[in-house]
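Some structures are shown below for you to check.
In what comes next, chain A is part of two complexes: it sits with chain B in the first one and with chain C in the second one.
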Partner chain A sequence: MPQQRVVRSIIVADPQGLHLRQAAECARVAAQFQCQISLKYGDRQAEDCRSPFDILQLGAGYGAEIIIEAVGPDAEQAVREIADILTSSYPA
Partner chain B sequence: MRMSEFVVREALIPNLTQTTKEGVIREMVEALKRSGHIKANQVEPLVKALLKREQLGSTGIGHGVAIPHTKHESVQRPIGTVAVSHAGVDFQSIDNEPVYIFVLLISPVDRTGEHLRALENVTRNLRNETFCRFLRQATTAEEIWELILESEGSA
Partner chain C sequence: MEIKRGVAVSPGVAIGPAWILDREEVNVRQRFIATGTYPQEIERLDRAIEAAAREAREVQRVVADRLGEQYGAIFGAHAALIEDPRLRQEIASEIRYHSYTAEQALDRVIRRRLRALASLNDRIIADRQSDLRDIEKRLLRQLAGQRHEQLQKLTEPVVLLAHDLTPSETAQLDRQHILGFATEVGGRTSHTAIVANALGIPAVVGLGMFLTDVSGGDLVIVDGNRGVVILDPDEETLQHYRRIQQAQVGHERELDELRNLPAVTRDGVRIYLLGNIEFPEEAAQILERGADGVGLYRTEFLYLGRKEDPTEQEHFEAYLKVLRQLPGKPIVIRTLDVGADKFSSVTDPEIQERNPFLGVRSLRLCLRNKNLFRVQLRAILRASAYGDIRIMFPMVSTISELREAKLLLYDVMEELSEEKVPFNHRIPVGTMIEVPSAALMAEGLAKEVDFFSIGTNDLIQYVLAADRTNENVAYLYSASDPAVLRLIDHVVRAAERAGISVNVCGEMSAEPMYAFVLIGLGLRQLSAAPHAIPEVKRLVRSITIEEARRAAETVLQMETAQDITTYLRDQIRRILPEALAI
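Let's turn to the complex of A and B:
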């Protein structure tokens, strides 16, 4: 499978912001992919989406714009799944 | 919001006696009650709310760390405590490893921003391996408190 680099911007849709539940879910999903996935919010970056610790460091509230970047053979699918999580509302 | 701003010093637990998810959560809420930060009649509703949140997905986020949390009308500002289990607790964490360090956080219902900032600061401290190693070695509440202050001083 060829290497891909996929970048996508999303807006945090959960009124409670990007909280622990999405962070844990992103980490769980990211661990299933071969590609390296990072998240960026303003000047903050979660270099490894497999770490809920990194993701929560973003401090992204409702309406925050997050850039998802994935590099690897399965990047496209990974970005799609991470974007789905970040644009969904989860009970906190 | 820094850890020292919401963690109740008088409710720190350097050596958890409970070894189950419900037991640990209850022991931590009871400690907050004893410190006078939670009314006796709020213990049960809080334990229930925290366990309900756990059912949605464990707050055990790996590396031996869990952050049980909820938003609840019984508090006027974010409060919480830190507890250490030397034996380790099966918390159904995302990495399936036992949990040794617990940070409990209860936030007012309407303070989403503060809640997120508290989580942000807790995870900043807890992703530091040295901080976690020393925390796991702590045997007194005073040691835990000193570690929290120290980590903020170097932030």
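Let's turn to the complex of A and C:
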């Protein structure tokens, strides 16, 4: 498979902001891909999406724009799945 | 007697002897390892990580069984944090390069992470600190070779007092023996608070230092309704709270029984109670709470957090999802009500707003982007072929604006007819009354629509020119303000004269004292958050139209919000003595 670099921006949809359960879910999903996935919010960056701690430390609130970047053979699928998690919202 | 104030996170009243959970300080026996022994120490760390993650997943299963999947997921997330590869790497390098013991290294790394989280200066993120302390404790216990949580077995009911409770500790509280709890730290959105609420244990958090003022066995009252903890209460206070406690038990039973009873006043007038929902998943709550239908289905969720705007099919499915769960019940769908920033396809360079609340939003935005609006209108119309769907336009300011929206709706109807797509040709069309100009022009607007829905949250804000989230002016924002009540009265009169129905879908409907005055002003439909419906139904069943009308007439003569609030409180105290106590 060829190397891909996929970048996509999403808006955090959960009124609680990017929360712990989403961070954990991102890390779980990221670990299943070969590509390197990073998240960026303003000037803060989570270099490795497999780290829920780093994702949490983005401090992304409701409506924050997050840029997902993945580099690797399965980047496209990975970005899609991470975007799905970050744009989901749990009814309180 | 001493009264402490904190944050109420789980309602109810608990009275009992104090049981103080000792503060579990990080007990690090040894700070350094012998040089060169770091590989063994890192191995010890890895074993602890593995065991702690396994244990967290076990808690996840137990909590999921007991409270539901969404609560279990909190602990699944804890397991993921424990297994965080970067966390492990940071701890391991502290061990390797500074010869710290695993405990010491863990403590340093967690502290660093806590500081970083705190510096984000975001309350919700700060609430995640209890999660970090939770995983730290779990790891430390594993390193110390302890297998179980420290909460001892209790034999008699107590009120638990602690510096802090982790979400795990909270989830394992035994409802039989823990009457309630109070902590020095913590916030409203912490997982500890969420779990306490799910368990139905009265709780107050964020009380500040108070444990030094109390000894084990002292009588304590935790008032989870008001966020108050009373140490060593006097006899009068104790009696007061005992009465509240008894009333509460009866009250809950009664609210439950109310579900299947109609909302009819004592003199036989039927009041329709509808629910406000935001997500299709909430439709089930409409039935659970015994509501008559959906008075406000917000559709913003379809647009939030997406790169592309939702398709007609996505709209349609979201509407059918609610319809299918509520056969035969009316569902009022409000067209998109957000600012320009929420759209993906709308990148209007002209929209640079200094005051977005008075800018291009809601219907104004839709009318500027008609192609986008048509997608939603088509979907609502298509859904109307399958049930009692009604359409409502938000933030209408003028009659021309409403006409323009209707014109577009008719155009879309024609299009669907040509395509032979079925829809309800007589779909009820309504407008929200939330801009003062619309309230004042209600007479004219009433000739154009089938129903009104008064959005009191925005109406109050626009009438008093006060943003309620701005704490410096929030005192002006009051549903009791005579200007607000007179305006509502004006709108109801206009609707009555035109023979159209009128509903209130703001938070006013959810509060018994305002529901009372609204019924007195002539409203026969109220729409509120589903959880508020049983309480409003109880109010309806306790009053006569005559007394509500008299109260409305009285407040319409009053001149200040304070006078009106005091008067309505007295009325409610008389009608529903338990309602205010709780």
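One rule holds in what follows: the second predicted complex is superposed on the first by the 89 of 92 C-alpha atoms of A that agree within 3 Å, B and C clash if a C-alpha of one lies under 4 Å from a C-alpha of the other, contacts with A are read in each partner's own complex, and residues count from 1 in each chain.
Please note the rule applied: contacts are C-beta pairs under 8 Å (C-beta built on N, C-alpha and C of every residue); 3 or more make two chains touch, one makes a residue touch a chain.
Predicted model, so just to flag it, every value in this text is computed and none were measured.
When chain B and chain C are set side by side, the one touching more residues of chain A is C. Shared-chain residue A:Ile10: touches chain C; no touch with chain B. Once the two complexes are laid over each other on the shared chain, residue contacts for A:Ala24 go to chain B and to chain C alike. In the superposition on chain A, A:Asp48 contacts chain C only, with no contact to chain B. Legend: residue contacts after superposition of the two complexes on their common chain; A:Gln57 is shown touching both chain B and chain C.
Under the contact criterion defined above, the residues of chain A that touch both chain B in one complex and chain C in the other are 16-17, 19-21, 23-25, 27-28, 51-54, 56-57, 59, 61, 90-91. On chain B, the positions that touch chain A within their shared complex are 53, 56-59, 61-63, 67, 69-71, 94, 112-113, 115-117, 119-120, 123-124, 126-127. On the side of chain A, the complex with chain C involves touching residues 8-13, 16-17, 19-21, 23-25, 27-28, 48, 50-54, 56-57, 59, 61, 63, 83, 86-91. Note for the complex: chain C touches chain A at residues 70, 73-74, 76-77, 79-81, 84-87, 113, 116-117, 120, 122, 124-125, 128, 131, 189, 191, 278-279, 281-282, 301, 304-307, 341-342.
Against chain B, the residues of chain A that register as touching in their complex are 15-21, 23-25, 27-28, 51-54, 56-62, 90-92.
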